[in-house]
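Just below sit the structures, each encoded as structure tokens.
Note that chain A is present in both complexes that follow, paired respectively with chain B and with chain C.
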Partner chain A sequence: MSPLLEIEGLRVTHDGKPIVDGVDLTLEPGEALALAGESGCGKTTTALATMRLLPPSLEQSGVITLRPEGVAEPINIGRRTETGMRLVRWRHISLVFQGAMNSLDPVQRVGRQLAEAIRLHERASSAELAARIAELLETVGLTAGVGDRYPHELSGGQRQRVMIALALACRPSLVIADEPTTALDVVMQAQVLQLLERLREELGLALILISHDLGVLAETCDRIAVMYAGRIVEIGAVDGVFAAPQHPYTKLLLDSLPVIGDERGLAAAIPGAPPHPGEPPPGCRFRPRCPFSGDRCDVDPDRREVGPRHEAACHYAPWERWPEIEPAAAGEGGAA
Partner chain B sequence: MSEIQGGEIGMGETLMSVSDVEVRFEARRRTARALDGVSLEWRPGEILGVVGESGCGKSTLARAMLGLQPTTAGQLSLSGGVVSSKDEQRALRMRVQMIFQDPYQSLNPRQRVAAIVTEPLKVQGVPKEEHDGRVRRAMSDVGLDPERYLDRYPHQLSGGQRQRVAIATALVLDPDGLICDEPVSMLDASVRAQILKVLVGLQKERGLALIFITHDLSLAWSLCDRIAVMYLGRVVEEGDAADVIERPRHPYTQALVTAIPVAVPGGGGRRELLKGELPDPTAVPPGCRFHPRCPRRFEPCDRVDPELVETGAPGQRAACLLYDPTVARPDGGG
Partner chain C sequence: MSGRWLAGKVGAAVLTLVFVLVFNFFLFRAVGDPTSQLARLPGATDEQIEQLREDYGLDKPLLGQFADYVGDTVTLDLGISQTTREPVWDEIVAALPWTLLLVGTGTLLATLIGAWMGVKAATHRGTRTDDGLLGFSLFTYASPEYWIGIILILVFAVAWPIFPAGQQVTPGVEFASWFDEALDVVDHLILPMTAMTLMLLGQYFLIMRSSMVDVLTEDFITVKRATGLSRERVINRHAVPNALLPLVTLSAIQFGAVAGGAITIETVFSWPGLGELSFNAINDKDFPMLQGTFLVFSFGVIFANLLADVLYFYLDPRVQSR
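Take a look at the complex of A and B:
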């Protein structure tokens, strides 16, 4: 089976300086891929580039190929005209972005906004439209009555569900969700994540989920890609990466999370701050912050296979055992 | 909510105590019960976690504790003495400080760091000759080199550095307590751990008492001594942090803990999630305020409003009829 989405050598630059610096990834139909990393590492830029929604000040290069089911020719996203992209966006790939729940039109009823999204891509009689809207709302766990309401009459969680319904309106094969639950609390967050999981099962939807919350990603995704300073530094099955991370950055990110049931106390901090992807340090980008670095780190490492379907950009991977580090080494100075 | 009497809980000292505090907001001729009889003790040098969903009243509680939010009932005490007069409120604000979630909005963009950190000293009338020394010490305490940072403007700082400046501003008056309203929820993993290290370091080295107001239960579990869980304007469970999160007693706390995303693959599994949302505080349900969403509700829950009662574990109390010895439980067990 050929992948649904293939990104090869994606670069995004601003005034010649890279923000995303060579991202390669593939996504199978129905697969859920997690995109992890700290702010500024290029997660959102990668997502927007995939939709060709970057602002004009940014330039993107590289090849992005989409092969939706039932479409004979693969879609070359990089080479489509803007008009051509309009036929792809929302129809084949759609986006639920951070704080999206505040981007609903405040003066239009929810049902009307859904109707517009459906009508963009297909003709439907008003009876068909009404049925589709009711069905969409039901799919995301809302009652049909919500269609008659205005956004301000809904809670944050309900609005986020409406945004997901909008993203699903044209039955896309891929949904990119950028921090879809960040503004919600635990209970609401768990409800929305459970909804995304159910939609994947029922609709065979592929999902790229972007979050800084590794817990959210672990629960929802099959594979995870960890980004650092504009690149993917580790990618593999969620189980494998969480059980045995192979890039020091992933390892330290996981260590910085409290896990209920383990030992309580202050989690280890990663010293320093990430570099701007346009001004990376020489050699390995993570070297200045890496407690495990050695002589080989003078050379910028390529991402390579370090286990079954598991890749990492670290000279010393696969790590048999992580060396003990002094916890005191972390978090000094005012670099944060 | 009358069973909490001044000296009853723990004979030890308290830094601050809150008894039966109420805050009402008037909205379109309806009254929102933002705080509906909250009682809480905060001990010297203690890290107390206040957790709950947004809208449960945790931030309102923080504001009320500092006298920034008018209360309609109840009282605040500082080291055992009731806070009521203007002078007492002023003393309270010297000894207890607060930092907020968004370090981007809480610093004046037109002032240099030096002026921002000095401001509280001016407001509280601290003699001028002490300013420089205290400002430099506060900066060093949060891990910012005064030489490098005092002349900068907020926009020249990263998010983590801004939060450090906010903490320095709170520390400069040498308070006994610091209330932190979601102090790290907007920060990335590495910065987050660094800020937490600063806060916990202050607690260890200076004996600074902390309140963490957060919706992040794992964070509260990992760092707090005690946790109070709020629901719809009231504390529904409190106790030792490990007990409350690892062995929650109130069905609401149990539901919250179930919803925590676990950074272990498949760790969450299929689980029973709480249905619905936090009710509108203008329409607090009768009886137990949690009963419409509660998976374990039984006969009297829709008419009897439960008080905090002991649940068996020392100091762990829950406002739930399952633990009330005077109410017959449906299954005869807990």
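Take a look at the complex of A and C:
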């Protein structure tokens, strides 16, 4: 089966400086892919580039191919005209942003906003529209009456459900969810994630879930891609990556998660700050913060297969055993 | 719920009006003995002055005077103008429509053009269009309105005489129909209205531009684009309605203040509105007239504020649930 989404060599630059610097990614139909990494590493930029929604000051290059079910010709996102893109957006790929933020127009009723999106892509009588909107709202666990409400009259969780209903309005084959649970409390987070999972199973959606919360990603996704400074440094099945990370950055990220039942104390932070993707350090991008670096790290490593369907961009991968590091030594390693 | 909200706003407005009434009374008492202004002839005898005091009820104690004042004001008796000997209320009623016409058309035009320019600048941020519009509006914002008025007269009434330089209708002309008269008024209105528009435009443009820049960074703008809406439709249907809110409120609130502030423009163009009325009253030390126009200006500001609240109530659903 050919992949639903294929991203090859995606670069996004601002004034010639890269923000996303060579992202390669494939996504099977119905698959859930996690996109993880610190803020500013290019997760959201990658997502927006997939829909060609970046502001005009950013330039994107690379090949993005979309093969939705029932569409004979693969869609080449990069070569579409703007008008052509408008037909692809929402019909094939939709987007969910942070819930409590202003993802909905505050001065329009929810139902009207749902109707607007549907009408853009389908012909529907007003009776059909009303029925569709009621059905959509019920799918995400809301009553049809919510359609008559304004966004501010809803709670953060309800608003996020409306946003998910909106994302499903045109039955897309891919939903990109950018930090969909960040602004919600823990109970709401769990509910929204369960909803996303249920819908994915029922509707056969593919999902790209962007978050810096590894716990959230582990629960929801099949595969995980870890981004660092504008690149994917490790990609593989969630189980495999969590059990045996093959890039030092992933390893340190996982170590920074607090373990329930463990000794109390602050989680191990990764020393230093990520470089700006536009001004990467020479050699391996993670080298200045890497406690495991060696001589070979002078050369920028390519991402390569290090296990079954598991890739990492580290010269020393696959790691049989991670050397012990003291937190303080890690800090010195960063300075060296 | 909304009834109670409106009642509260109206109540606050009435309370402000009462305060203005009290202030307006004591302000003119604080200026000095009114009879010294009334007795214009330097040789007025004490009996004559005493007679004047009695005529105007100034021999009564202050509280009695105040009661008279409130009673008269409520029955729209604002006294007699000391220069024209006409009732102040009649003079105000004659001048008010002209001011409303000038300020109304000027405000409307400034709001529409300012909003349009603001949208253009915000959507072309950092380009030459933006710079040009910013420069133009800062120039008009910084220029005094009487200077703009004089330049307009010099260019469009003197050097290139296509519009009359002043007044509201051509004097001494019998018009064949009301339509001809209306056309003549429009002809006279254009220059002062342009001056008024230019006076207000810069501020409205700047408000709209920054409001629009803010709205365009909101997440829902990206979401609307992601649904497949064109950029133009996202701007017109979603960004502009949100960005307009502060502008509409500002121009409604300003409407009251501008009615009073039209003094310079009305004077430059000999426009027979409230501004010219109060300008002449100041020159002639016509206290009843001044007191009357002050009252009307205050009422205008209070009413405009109320109007802004009501408008916002209808435009922004978020206000309604509060």
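One rule holds for everything that comes next: the second predicted complex is superposed on the first by the 326 of 336 C-alpha atoms of A that agree within 3 Å, B and C clash if a C-alpha of one lies under 4 Å from a C-alpha of the other, contacts with A are read in each partner's own complex, and residues count from 1 in each chain.
The rule is simple: contacts are C-beta pairs under 8 Å (C-beta built on N, C-alpha and C of every residue); 3 or more make two chains touch, one makes a residue touch a chain.
These numbers were taken from a predicted model, which means no experiment stands behind them.
Per the definitions stated earlier, placing chain B and chain C onto a shared chain A by superposition produces no clash, and the two fit side by side.
Residue contacts after overlaying the shared chain place A:A144 against neither chain B nor chain C. For the three-chain arrangement built by superposition, the Cα-centre angle with chain A at its corner and chain B and chain C at its ends equals 70°, in steps of 10. When both complexes are overlaid on chain A, the residue A:E116 reaches chain C alone and has no touch with chain B.
Judged by the touch definition given at the top, the superposed model places A:V107 against chain C, while chain B stays out of reach. More residues of chain A lie in touch with B than with the remaining chain of the pair chain B and chain C. Applying the stated contact rule after C-alpha superposition, one finds that A:R89 touches chain C and leaves chain B untouched. In the superposition on chain A, A:M188 makes contact with chain B only, not with chain C.
By the touch criterion defined above, A:M51 lies against chain C but remains apart from chain B after alignment on the C-alpha atoms of chain A.
By the touch criterion defined above, A:G215 lies against chain B but remains apart from chain C after alignment on the C-alpha atoms of chain A. When the two complexes are overlaid on their common chain A, residue A:H152 makes contact with chain C while staying clear of chain B. Taken over all C-alpha pairs, chain B and chain C come no nearer than 7 Å in the superposed arrangement. Residues of chain B touching chain A in their complex: 53-54, 143-145, 148-149, 158, 160-161, 164, 188-197, 200, 215, 217-219, 221-223, 241-242, 245-246, 255-268, 271, 273-274, 277.
Here chain A touches chain C in the complex through residues 48, 51, 53, 82-83, 86-91, 94-95, 97-98, 101-108, 116-117, 120-121, 150, 152-153, 163, 166, going by the rule given at the top.
Interface of chain A with chain B (complex): residues 38-39, 155-158, 185-191, 193-194, 212-216, 218-219, 238-239, 242-243, 252-254, 256-261, 264-274, 289, 330-334, 336.
Those residues of chain C whose C-beta lies close enough to touch chain A in the complex are 218-220, 222-230, 238, 241-242, 245, 315-318, 321.
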